[in-house]
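Each chain carries a letter (A, B, C and D) given by its place in the written order, and its residues are counted from 1.
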C-alpha cells in the first residue's frame, strides 16, 4: 500500500493533482472527539497556496467529510475527507508527455506504470496530496493537545539563510505556536525577511530553491516507541519521506553528531522536580527508538522545486533527441515554506499512532 | 513487531547482547539459492570485532542455520540463523542498573518495560544485534549479485576527516568492492589513515567519535518502489534507523539539496546506448519514491559511541542524587567503522524486498 | 486498520449506512486496465436491493470514481469510488439508541466506542458497506478474466432448502456464470423456487432466515499462496468473515471432512494432458495453503438477518428493564441472496492479491 | 510473511520437520511476566506424541529459550524458543520425492518452490510446527489467566462420534480445564471411549479419520475486536487455518445458523448483576467482529491425516505414470486429538493480541 502509513492509526491518501478530487481515509481515530473545524481550517490555511511567495494556483481546499463523524464528533468508523480539485489547468502539462521533467517522478512513474501513470500536475506524486494529509494531521494535532502534547515546526533554512533552531531542551508549547501571519514561519523574523527576499529573487530568475523544516513535539511521555525497526525514528522518517521533495531526515544533533565526540554528545541525566531530564538533548528526545520525555526534534531537508521556468535540457523519449524545456505552470519557488504544517501533520499523526498503540485509550 | 522489517522479504532479529544467543529469521527468500558460506563468512568478518580500532570483545559470530536450508540451498521455508553469545562478561554492567548510561537506551527502556528490560550490554538494543542482520544481508547481497545488482559502502567521514564520496553517476560494481583488508573501509587510503589516527587518539583519551557511512547500489532497474509512503526512501530510511546509533539518513544530495537552486539540482536526462540516464544524480537514484535506474546513493550519520571511559555525570535513580560514571566495558570508539557492512546489509535486504515485490520471481 | 484487507492489493472501505456516502479505496491495481463500466454496473446490480425477496430500500448505488482512473483506465494510483447515500430514513432507528437490537453489533459497538458509535442503520457495520466492496470486487473479476481466472457463486442453501453444489472437479467458467435474471442465484432453478417460497413465507411471518453461499474459482495456477498463516485459506477466510452476518467458512469438503476417512478424503493425482489433476477435490483446490490448480471451492454460512418484525425481548440499558422490540425498517429476510456477488467480490480480490504477489506483473 | 500472525503480538514459527530444529519468535509479550515453566511443560505434553492413539515418533519437545527471558521473566525483547529435532528418520520419505502424496502439500509446494521445497516429513508444512506454536500459546494462556481469561478446548467429534458441546452461555473456566489424563480430551468420557475405539480400529485398517475441535474462551471483556476485516472472527479464523489439516472454522451457531430463523437465532439481552448478558449465545460471543462479553465459541474441522498405510493411487511425476503408494512413516490416525492444545494456543495468542491492542497495558 504505497499511499498509506501508520499502524494503529492508519492514514491513506488518494487522488491525482488534476483528477476530480483528492482525499484521505483515517482509520483508528478514537471515538468521541469533537473536531474543531474552525481550528482545522486555520491549520489548512497555513498550507494553502496563494501568498506572494507561493504558487498562484488558488483553491479553497475545504474538506468535505463523507464518513467517520456524526455531528462533528468522531464515531470510531474510518473518517473520509474529500477535497475537490476545482482549479485544474491540464493544458499546462499536455506537451510534457514525451518529455520527462528533470527531477520529477515522470520518468520512473512512466516505467513503473507502463506509460499509464497520470502525470498531469504530478498526478498522485503531486505536493497537492499533502492537503488531505493536513486534514488528518490537523485533527491529530487537536487530539494530541487534549493529551498535553504540542507539535510545531518552522522553516529552519532556505538556501543559505538560516533561522535560529528550537532550543532542544527548553522549547515549550508556546514556542511552537508561531503567529499564523508570519510568512515564512520562522522563529526569528529577520531571518524570515531574508528568506522572503531570497525566494522572490530566485523566483524572478525563473529558478527555485531548497530548504529545511525543523519540527518539535513537547509533552511526550517517556517510553513511546520500540527498539530496532519500529521505533520513533523509523516510523517518523518513513512517513516524512512520503512528503514530496524530502531528501533527508535527521533527529536531534543528526548529521552534526557524526562530527562530535562522545564526551560532547552524551546527554547527562539530571532530576527536575519529580522527573528525569537531560542537560542537553542531542538525542532529539529519542534513545533506542523510544522517547525519553525530552522534546522530540527532527529536521527535514527539501530539495528545490524541480519545476522551473529557466530552460532545461531534457530528452524527447520518442525520438531519443535532446530538447529544451521551460516549465511555466504554477509552482512554489520553495516548497519548504508550505511544508511547515505538512511536517507537523506527519509528526502529529505518527506520534498519535504510537500513543494509541502504547496506551490503548487516550483522552478525547 | 519492533524487531522486524520488510514486506515480501521479512527479517526478524532476536536476542540480547548477554543472553544465550542472538539470531535472525528471514522469511521470503526465493527457493533454490545456494548460499556461498565462505563468501558469507567474509562478509561477516568485516563486521566482526577484534581489530585495533574496535572493541576487544572477540567472538567468532559463526551463524548456525536451524532452518530454511537443505544442503546449503534455500528451500522456501523461513531461514533461521543463530549465533551463540560466548564471550559475555555481565559483571561489567552490574553496577549500572540504577544509573542509566547517558545517551544509551537504558532509561527509556526501563520506563517502557517497567524495569524488566535486559540492560546487560545494551540487551536487545545492542549493536551486537547487527551480527544476525549481516547474516541475512550477506545472503541478500549474494542473491542481488545474481540479478546484476551490487551494493557497497564506505566510511565517508569520522569526525571532521572525510573520505571522498562515490561518484553518483559513474560508480561501478568494482568501485563498490573495497579490499577487505582496508580498515577503515574508505575509497581514499590516505583518508583512512587520518581516520585511524583520529580514532586511536580519541580512544586513548577515553572518548568516542561519530561518523558517516555512504552506501550505493548499482544495477538497479528503473521502476522499483512506489509513491508516497512505501517508496525506496521510506523503506530504506525506516530500516536504516534500526541500526543502533543512527541519527540521520539522506539520499542523493540530501541536506545539501536544501541549499541548492533548482537549476543546479535538477538532473538532466540524456540517452546512453538504449537507456535513459541523467547527467548528474542529485536524486540519488530515486524520484517520487521510485528508482530511476541511476545508482542509489544514501548516507547514514552515526553518533559517537555513548559508552566512554571518561567520567560522566549521571543520576542515581533510587536516590535521585547525581553521581559520576566511567564506563569500562569493551566498546568501539567509532561505531561507524563496523557499521559499513551493516549498512550494506540493510540496503541489500530492502532492495531485494522491493525487487521480489515488483518481479514476483527473480534469478537464483 | 479494521476496514482494510489485502497485501499487495489493499482494499479499504469507509462510510456509515446513514452518513453522506460510502466508498472504497483500492491500492495496488495494475496500471493500464480499462474498466468495463457497463459490466461493473451489471455486477453491482446483482447486489442491489429492490427485488421482491429483498429490502425495499432502493438506491442506484452508482459509484463515482474520484481517483485512480484516467479516461476509464487504471493509472496505478489508488482508485477511490464513492457511492452517495440518498435514501436514508434515520427515523426508523431513533428509538433504538437505548435498546441494543439482539444479534446486531449495537451493544458491543457502544462498548467499544464509548457510546459514540454511529448505530443508524447499522452504521459502519451495515451490510450496505458491501456495495463499495462490490465496486472493487467487480473490477477484480474483470482483471482476473483477462488472466484466465473466473469466479462465481450461488446460493447453496436457504434454511433447509438446498441447491446442488458445484462439481468441485469439473466446474467450468461457464458453470460459474449464472443468468443475471435468476433470483435467487442457484444452479437448480427448482431449488430457487423453493427458496423463494420459503423466504416469502418467512418474511410474511415477520421473520428472517439464514443461508449458505458457495463460491468457486477456476483457472487458477498451481502454486499461489503460502504455508501456515498466509495461505489461501487464511487470507480468504479472514476477508470473508468481514462480510456482515458470516458465521462459518469452509473449504473443499470442509466440516464434512471431519467425518471422513483418509482413504475416502484423499485426492488421488493423475495426469490430464500436460497437467496434473486430482480425481476428487476434497481439498477445495488448496493444500498446505497453496493452490493445487484444481477449482478453489469455499462455502460461507450466513446467519438469519437479525432485524425482524416479530416482537423480541430486549433490554433498556438506561433503566435496566426488559422491554419488547419490533423492528420495522427495511431489511432483507435472507441476506445470503444478495451476498452472492459479495462473496465473489471478496474471493476475486483475494485471488487477485495473491496473483499479483506471486507474479509481480499480470495481464491487463 | 507466511509463517507469522498477530499484530501487536507477533508469532513467527520456523523450521522443517526433519531439519535441525524448529522454533518460534514471539514479539510483543508484555515485560515482567514470570513464565511458569512447569505449567508450560504440562501444556506442551498435551500436544506431544507418544500415546497409543498417536504417532510413535517420540520427542521430548523441550523448548530452549534463546532470548526474551531473564531468569524466567519476560524482558520485553522478542522471545525465541527452539526445539531440537532429535528423532528424524528421513529414510521414510526418500522414495516420495517423485511421488506427491495425495492430500499433502508436496505437489503445490514443489510447484511454488520450483522443486526446492523440503518435503521430508512435510517440511515446513508439518504438524510438527505446532510444537513451537504451543510454546507461544502456552505462555499466552498463562498471561490471559492473570487477566481473568481462560481458554479451553475439547474434541467435539471424531468421524461420526460426537462429544457434547460446551454450554455457550454457562461454560466456566472450570469447565474448560479438562483433566490432563483424559485422552481424547472430551467433556463426556463415554464419548471419548467411543472415539478411542473408532480411532484404534481405523488405524488398524491402515486408515485415518477426521475430527472437530471446539474451543471456548471465558472472561473476555466486551469491546475487543473491530468491525469488518480486523475483527475477532477474521483474525482468529486466519490463524486457525494456519494449523495443518484445518478445512473449516465456525463461530457460535456457525453453519447451523444458516438453517435457523431469526426468531430462533437472535440472542436476547438481559441484565445479570451489573452486567449485560444474552439468554442464548448463537453469536459465539462476537457481534460485528467485537466481543460481547459472552463466551467466545469456535469450532475447527480437521480433515483425516493424509498419510495412510492403505495403498493409494498416485502419479510418478517424472514418467507421468500412475503408481501405488503406501505410506509407512509414523503418523497420527486422527490429528484432531493432538490439535486440542494447538487450537487453544492459537486462540489464546489471538485473544492476547487483541487485548494488548485494546488495553495497551495488561496485568502481568
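Observations
One rule holds in what follows: a contact is a pair of C-beta atoms (placed from the backbone, for glycine too) under 8 Å apart; a residue touches a chain by one contact, two chains touch by 3 or more.
The model shown is predicted, which means the values in this text are computed figures rather than measured ones.
Chain centre most remote from that of chain A: D (centre = mean of CA atoms). Across the two candidate interfaces, B-C and B-D, the one carrying more C-beta contacts is B-D.
Chain centres here are Cα means. That of chain A falls 27 Å from that of chain B. Centroid to centroid, with C-alpha atoms defining each point, chain B and chain D lie 38 Å apart. Centre-to-centre spacing of chain B and chain C amounts to 45 Å, using the average Cα coordinate of each chain. Chain contacts: chain D has residues 1-4, 13, 77, 109, 112, 124, 227 touching two or more partner chains.
Those residues of chain C lying in contact with chain B across their complex are 7-8, 77, 227, 357-361.
Residue ranges of chain C in contact with chain D, taken from their complex: 1-5, 13, 100, 102-105, 107-109, 111-112, 124-125, 129, 157, 159-160, 202, 207-212, 222-231, 233-235, 237-239, 241-242, 244, 246-255, 257-271, 276, 278-279, 282-284, 286-293, 301-308, 310, 312-315, 317, 320, 322, 336. Those residues of chain C lying in contact with chain A across their complex are 1-4, 10, 12-16, 19-23, 25, 27-28, 31-32, 64-68, 70, 73-80, 82, 109, 112-118, 123-124.
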